[in-house]
Amino acid sequence: MARRLINRHPGRMGIAYLGLLPFVILIFLYATGSALRLADNPGDKLLPGFPAIAEAIVRVAFTPDRRTGEIVLWADTAASLARLGMGLAVATALGLVVGIANGIIPYVRAGLSPLVAVVSMVPPMAVLPILFIVFGLGELSKVVLIVIGIAPFLMRDLQARAEEMPREQLIKAQTLGASSWQIVLRVVLPQMLPRLIDSVRLSLGPAWLFLISAEAIAAEGGLGYRIFLVRRYLAMDVILPYVVWITLLAIASDLLLRAVNRRLFPWLEAGRGM
Amino acid sequence: MTQVTVRDVWKEYDGNVVIERVNLDVAAHSFVSIVGPSGCGKSTFLRMLLSQEIPTRGEIRVDGAPLPPEPTEERGVVFQRYSVFPHLTAAENVAFGLEVAASPLLGRLFGNRRRAVLEQCRAALDAVGLGAACDKYPAQLSGGMQQRLAIAQALIKKPKVLLLDEPFGALDPGIRVDIHKLMLKLFDETGMTVFMVTHDLREAFHLGTRLIAFDRYKTRPEEIGVYGATITFDLPLDRASAREKGEALDELQDKVAVQPA
Amino acid sequence: QAAEKKDFKVAWTIYAGWMPWPYAQQAGIVKKWADKYGIAIELVQINDYVESINQYTAGKFDGVVMTNMDTLTIPAAGGVDSTVLIVGDYSNGNDGIVLKKGKSLKDIKGQKVNLVELSVSHYLLARALDSVKMSEKDVKVVNTSDADMVAAASSKDVTALATWNPQLAEILKTPARTLAYDSSKIPGEIMDLTVVNTQTLKDNPNLGKALVGAWFETMAIMSKDDAAGRAARTEMGKLSGTDLAGYDAQLKATFMFYEPKAALAHARSPELVKAMDLVRTFSFDHGLLGEGAKTKDAVGIAFPNGKILGDTKNVKMRFDDAFQQMAAEGKL
Amino acid sequence: MARRLINRHPGRMGIAYLGLLPFVILIFLYATGSALRLADNPGDKLLPGFPAIAEAIVRVAFTPDRRTGEIVLWADTAASLARLGMGLAVATALGLVVGIANGIIPYVRAGLSPLVAVVSMVPPMAVLPILFIVFGLGELSKVVLIVIGIAPFLMRDLQARAEEMPREQLIKAQTLGASSWQIVLRVVLPQMLPRLIDSVRLSLGPAWLFLISAEAIAAEGGLGYRIFLVRRYLAMDVILPYVVWITLLAIASDLLLRAVNRRLFPWLEAGRGM
Amino acid sequence: MTQVTVRDVWKEYDGNVVIERVNLDVAAHSFVSIVGPSGCGKSTFLRMLLSQEIPTRGEIRVDGAPLPPEPTEERGVVFQRYSVFPHLTAAENVAFGLEVAASPLLGRLFGNRRRAVLEQCRAALDAVGLGAACDKYPAQLSGGMQQRLAIAQALIKKPKVLLLDEPFGALDPGIRVDIHKLMLKLFDETGMTVFMVTHDLREAFHLGTRLIAFDRYKTRPEEIGVYGATITFDLPLDRASAREKGEALDELQDKVAVQPA
């Protein structure tokens, strides 16, 4: 008897094969499109062939710049990651503090949560000009854009999760003599940390977005800066590897955060294996 | 040895009366089993004993003193679920109450002092039969073991009053037998006063020294919210004969089973 | 009186006529001149041109590089009194209008034109349409970011566009595209300036001296076709994302005032006044002088020979020749 | 006895008062800053005074434009909302179909979910040039940017939620004789719809972001277009009301979706009141 | 009247043996109660009867025919939780099985046909005492009512075999009494064969016509995974004397209560 579709499972090899298939198709489509365009106009820059891309990769990723002696890709990556890390760190700290305070302390919630709700709806790109003017064009404004872009989300998410905590735990802690501060420090905070990391994982995409947008407007280096710079010449042979590289970095940071969560919070996974 | 006095207590939520005219004098070292149909206000009553809720009218006194307006160490509690902290091991769960008392700022001890406290907790866990599970996280423990842990955690603070809200409701029958034995042993040893809400009449009879039932005395739909539940049945079990208990069981059997639509 | 100021910041953006600045900074020329006058000057690169002007207008920079039209419509119209220290060049083909369909400018009628709205490209379009007796009503303007102009040009539904170099050159590399009009037809009207805050300059004339000195030293180097000149231009090309050939091509379409004397002559010429009059008319017609402006005279523009266009009580844009004079006389 | 901070609740009036306070403070700070700058330079455009802002509002929101005869704000709003609505509709439909298929049908999951995971990590702004060329510079590319920006998130979220469905329900449906298609149609889909709407609510922020970015790059009208256009002459008196207006629109659409959820899916709320 | 035969069935997960050498002949119209310690594979066994899992070795036959490789209408099921569809009213939940049979494409009926089906479901709900709750959503029903609904939903397809995995485990004791009565009535009326996993021995004895216990016969830690559980106890309850039942109860009491660490 034939099984229902929902009951049919591919094997291990099947999963690997099926998973790779769309990527292979995409690469094939690209190669065809590129060949067609290049046949039409050998100077076409939109869909460069793989040799051209490889050449560009060698240039940006392995050849030191004559003037500065730096390798462009690594210098850009370092600059971008520093900004991203700083922005994420600040946003995370803010999200944690405000989120927990909003979730646990009624007076703080009354005062701050409407503000956070409204601010989270403000499109950060629209206030970008204001940001630059208030915070200048240095690193600060880029970090601030990331913070403004993701901190409200983190705050609201953490608040929701703090509010979701079983009331019973807070009561229990009180009957064990804990003060508000002790409850926050020893009951709420440790349980929020893994959720915070999950929320940060969700914010990685937007964080990259804001970083790239900020770097496009004012920067002297960085992945977004480079893409923006060469966009004027439609140098897709540089843009495409950069996009792939950013995607890889995003995936890597996602995996890293996941691993951190598993490492630091054994109690989360405990019992899963039972 | 703790007495609890409840004087004409009412509780309303948004103008709806949930509990009305509750009067109760509980002698020192009593084990009060509380039964009643679902939604009649048993948990609400327990929450008032805990100061998690404040009575709309009336007063509750423990050893003659009015209750403070929020939960304190003198009244311990074990809920049906979520009583223990999932991010702490069994020993750390028990140590929590001792650590917050000893370290106001960080709520946490280090080095030798921590080791001493954990040793003490190990002994407390031994007493509830969890000696071997000291370093396990709650998620690694079965339901019954988690409730034992919650009890050990509450008892380490030596509360005057222990409040239990359906503490064994989620456990399988076989496991309940053991934990009942443990409960009785601890009750005898500590001398505290216990209030326990349960849906299981057998459990109520088995553990309690006194049985009270909450119920609505007006139950027509239009009367709900206007009239609340109150104590409709009060039986001192330690002095009741087997026949009295049997009658009480029959009388209560139907009531407790009533479910709201 | 303003407190003594020692550190100055000038913003620059990538454009052929402004590339001498980063080169001068890199080659130590700026530092040399700043040291000479006992001040410090930092040149800061901004990717986004409009943002750099906004920053200057908001007071975050003491100076900025921009076009004559933007000087009038952004800082000057915004009440920030600005002095044009250097007219570095005028666009002599660096801005152009490209058609994908049609051979001559007349064919633009009815098409959508992609350009950076309210920029010099827009101005160029207006002048171009004037020249064939059309007006903006005959086309439809689509605002398009300058950085994405090359990509936009490849898109099927873009048929006409106006932009500047290096994008313009990039777009013309693809066959079957016509350069229908360019800024060489309106010489001197689109000028690339180095502008500083008037008040700051008044309080610190040394800033003007150092900048003008550094500028003309750089001009002297890059204008020569010797090894040093080529090296300088190669560097400028690289800084703007191209190479020597690419940069030289762009320079060809730029009329640079390499000599202080030539710059001085231009600053004092009646052509400058005429050009500014055209520009302010366009700006007023497009509401760029602010909603408060009732006539094109709302903002006053002062010229070296004492002539003033517009409101004499509200002069906010000043062409200054004192420092160029000093340079021409070798007094810097 | 003083209560713990976590047990102290402000009253109704207190909540209203505390909630408004930060907004009042912000307005006050703005007014002060504006007054200071205007005292310095009466032509200052950065922090216009309230009369100037009011004037600008009257101009953009109530006075027909001299050239086109349209009222600028409404024309912009209509253009932007049309794009946003279209983008959201397409992304939602894609998210629903792909998310459910990935969540329920193992063969589809094996094939598509790695692709979706990777695509969700690609920064959409970086591939804009490609979008322009493939989809043109018209409305389509703006809609596509929104779709590319949020559809992968919706797909992944829906997939996760479909996978979270109690296995028991699927088994039960099979024992009642339902085919795969019937299970999707009658068991999975109806339960996913409210979650989909919740996910769309979460995507509103990013959707606005992409819309504004797309409009900033190429458009003939729209809220983002206007903001980036008037940025040219630092017309903060227009930008600020536009930002507030976009924020209000975002809040309104959030509330609307929430109301839709409550209306359409009574079974979600049923039992809450018990 | 359905017979079930289990022949030398093994089940391994990733090489770990969970169940081994299970042989069982179940007569038509039997009510088989299954007990055993937690984690010994009772649910796994039920899942194999349901074709939710395929035995690693061995064969299961229903009325002589091998099981199809996936769940079908001939075998109904009621889980402890999540058995009913939360987005459908009680009547719609019951109607589901009829609608998918009648409308392959949409899985849904309209107009008169729908009304006729809902009428039929109303009758089925009456039979389980839910006549008044036809238009309620599951979230509006108590736990006991939800399980009644799940039973009605399964029975409307007239399955040959009904599989119950701790169906009443989450219910309060008072409510169980009623649902036990209902279960026995339905069992008598339908003539189907029932398999029920339970942790409550009293329930197992009360409902079953036959009681089987699963257990590991090797329990040292290093043996887990190598040796699985199998049937260690098999008692036909309908023919057993009261004394036999009492002995069996004593013997099983401890086993079933064993919890994994």
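The first chain written gets the first letter, and so on, giving A, B, C, D and E; residue counts start at 1 in each chain.
The working rule: a residue touches a chain if its C-beta (ideal position, glycine included) is under 8 Å from a C-beta of that chain, and two chains touch if they have at least 3 such contacts.
These numbers come from a predicted model, not from an experiment.
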Name the chain whose C-alpha centroid is farthest from the C-alpha centroid of chain B. C
Would you kindly say which chain has the C-alpha centre located farthest from the C-alpha centre of chain E? C
Provide the C-alpha centroid distance between chain B and chain E, rounded to the nearest whole angstrom. 35
Just curious, how far off is chain D from chain A if you go by their C-alpha centres, in Å? 18
Separation of the C-alpha centres, chain A versus chain C, in whole Å, is 38
Interface hub residues of chain E, defined as touching at least two other chains: 70, 140, 260
What are the residues of chain D that contact at least two other chains? 4, 7, 46, 129-130, 133, 174, 179, 216, 231, 234, 274
By residue number and range, which residues of chain C touch two or more other chains? 54, 58, 148, 150-151, 154
Spell out the part of chain D that touches chain E in their complex, as residue ranges. 166, 168-169, 171-179, 181-182, 185-187, 190-191, 265-267, 270-272, 274
Going by the contact rule at the top, pick out the chain C residues touching chain A in the complex. 11, 14, 44-48, 51-52, 54-55, 58, 60, 146-151, 154, 166-167, 170, 173-175, 235, 238, 241-242
For the complex, which residues does chain A have touching chain E? 1, 3-4, 7, 274
Per the touch rule above, chain B residues touching chain D in the complex are 68-70, 260
Of all residues in chain A, which touch chain D in the complex? 4-10, 14-15, 18-23, 46, 104-107, 110-115, 118, 120-127, 129-130, 133, 153, 170, 174, 179-180, 183, 205-206, 208-209, 212-213, 216, 224, 227, 231, 234, 236, 239, 242-243, 246-247, 250-251, 254
